[in-house]
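Below is a structure I'd like to ask you about.
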């Protein structure tokens, strides 16, 4: 690793999520380029930018769906991509990843609900299999969460019987059932018909205001990002080109690329 | 004699043979499914050694003839201290042969499950074994049923070879009857029709039914 | 128990290799018959004359759903009933050729069905003759899709040749049986037959994959 120093643990009071000089390559292509990113506890961060800028890779690496090439990612003070051995940091093994993964939940663009299970069973599956909850406890928790997202009456339906918006709300409930500290939302409305986008955004609004969750959201819904975010990061070419409060980014962007991107997006809407 | 007289005289023997064929088919199916699931999963293992064992099994049983395998299991295994009854050798050979083809079907179906399912299961921190057992494999089952339908017909046809190690199945009886009566058309023709009925009117509809039931269980029908 | 004798193995090898030639010949001829007959059967199922289509369809299903070995016996023994004395080779070739023609007809049908209707219509509009239509337009498109199936059955027919042993065709299995009965040693003959099969079928299967890719490239239709 470069001249960066990577502590084995972060001090108390550190950010909930820290990307420290993170680089990710696919062959010759550099997708994330020495990225530094901090997310404070309970902060809601929106990530915007053109395709190929690395936005989704940030989330996928946090969810351990991708490996890291350089740098370290920390979650809640502990290294995620690495682990401590004999006082040094080495690449994490499978069991360390499993331990750390429990802190993070993800909602996918294409929902990825389990088609052979009902909405309720989808939510119950991981709490029972991973957290060791009893069927009753898991069911109780799941029903509460389905109620939170407004789908308590659909709990016994299979995903094939639900609309896209409903499926995505179930997906949110399913992720919440594991009580993660960090929630990742990967373009969760991009695959939805316009008329159901609202119901999903409402759930996210509710989550943000009523629950203490650190959230990272990759989105193209600029209006929503402006309304709900604590901070907006504009990604370009594998790194953050500009970041700041939504008013600044959307109202008075300092970076030329940010301006270009936003004007192109506004033209499309 | 007329065909009806033929059936009256020899019908019983055809039935006896058909029963043995049915038994062979069922037992071979059990063997085939077991080997297919085992070897199919092994082919997907991250361990080169485990993958290698499965690959060797699959290539050997797919690359050589069922008849050769049957004779090898029945005539050569005893030399290694593993004598088998002809009935057992019969369905074992057929089962292991079709199991090799089945392994590729199982593997293909597992790999056909959308990647998003793996990712969602990973995001929920399910262990690899739980993920396969509860999420991936159930979905793979639905995907593998149509090819398995074809494999089971091949399996039924394969059981006819056990007659060549003197198991008294349908084909054996047909051969015997032909040998004593020289009524080849009646003898072999009847056997052909019975196999056809087994295949097209028992196995295929049953598989279609099974596909329908599974689809409903998966909430997709 | 396990007492493999290499000297015996080398003794029987010449006979086995000669039988391999026979096997390859049988597979080749059978496959050749199947290639042509299969096309006939496939086209016969695409006629507007529905009784013919139906009969051929049922016939093909029947052949595909019943054991090859039984069909071999049928052809061999039924011939004489009609006064046609068929020797083992001929009946074997007829039976195996017919059986695989049925399989190949399905492969052809799938290949032909995969061609968009618009292609046929364009040929009609350009007033192309049936021959031109098939040979210059349709078959070049149907071929790449059909090749994997056709290749599988080539390997398959090779592996099914042992069934001809039951009516006395002197191919590999038959020879191994004979060697076993003569010398009371089955271990080496049967194992060598297995080895020979693997030695032929595995490289053939690999070679076929290359061939398929080459055809796709040559016809300008790479993935």
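Here the chain labels run A, B and C in written order, and each chain numbers its own residues starting at 1.
The working rule: a contact is a pair of C-beta atoms (placed from the backbone, for glycine too) under 8 Å apart; a residue touches a chain by one contact, two chains touch by 3 or more.
Note that the structure is a prediction, hence the values are computed from the model and not measured.
Most C-beta contact pairs, which chains?
Here the largest contact count links B-C.
Report the most central chain, judged by the distance from each chain's C-alpha mean to the global C-alpha mean.
B
Computing the C-alpha centre of each chain, which chain sits at the greatest distance from chain B?
A
Would you kindly tell me how far, in whole Å, the mean C-alpha position of chain B lies from that of chain A?
46
With centres defined as the mean C-alpha position, give me the chain B-chain C separation in Å.
That gives a centre separation of 21 Å.
Averaging over Cα atoms per chain, report the distance between chain A and chain C in Å.
55
Among all residues of chain B, which ones touch two or more of the remaining chains?
In chain B, no residue touches at least two other chains, as defined above.
Sort out for me which residues of chain C touch chain B in the complex.
1-2, 61-62, 64-71, 73-74, 77-78, 80-81, 159-163, 165-166, 173, 176-177, 180, 186-187, 190-191, 193-194, 197-198, 201-202, 205
Taking the touch rule as given, give the residues of chain B at its contact with chain C in the complex, in rising order.
59-60, 63-69, 71-72, 75-76, 79-81, 153, 157-158, 160-161, 163-164, 171, 174-175, 178, 184-185, 188-189, 191-192, 195-196, 199-200
In the complex, go through chain B and note every residue touching chain A.
Residues 114, 116-117, 119-127, 130, 134-135, 138-139, 142, 217-220 of chain B touch chain A in their complex.
Going by the contact rule at the top, pick out the chain A residues touching chain B in the complex.
Where chain A meets chain B, its residues are 63-65, 98, 101-102, 104-106, 108, 110, 112-118, 125-126, 129-130, 158-161, 171, 174-175, 178.
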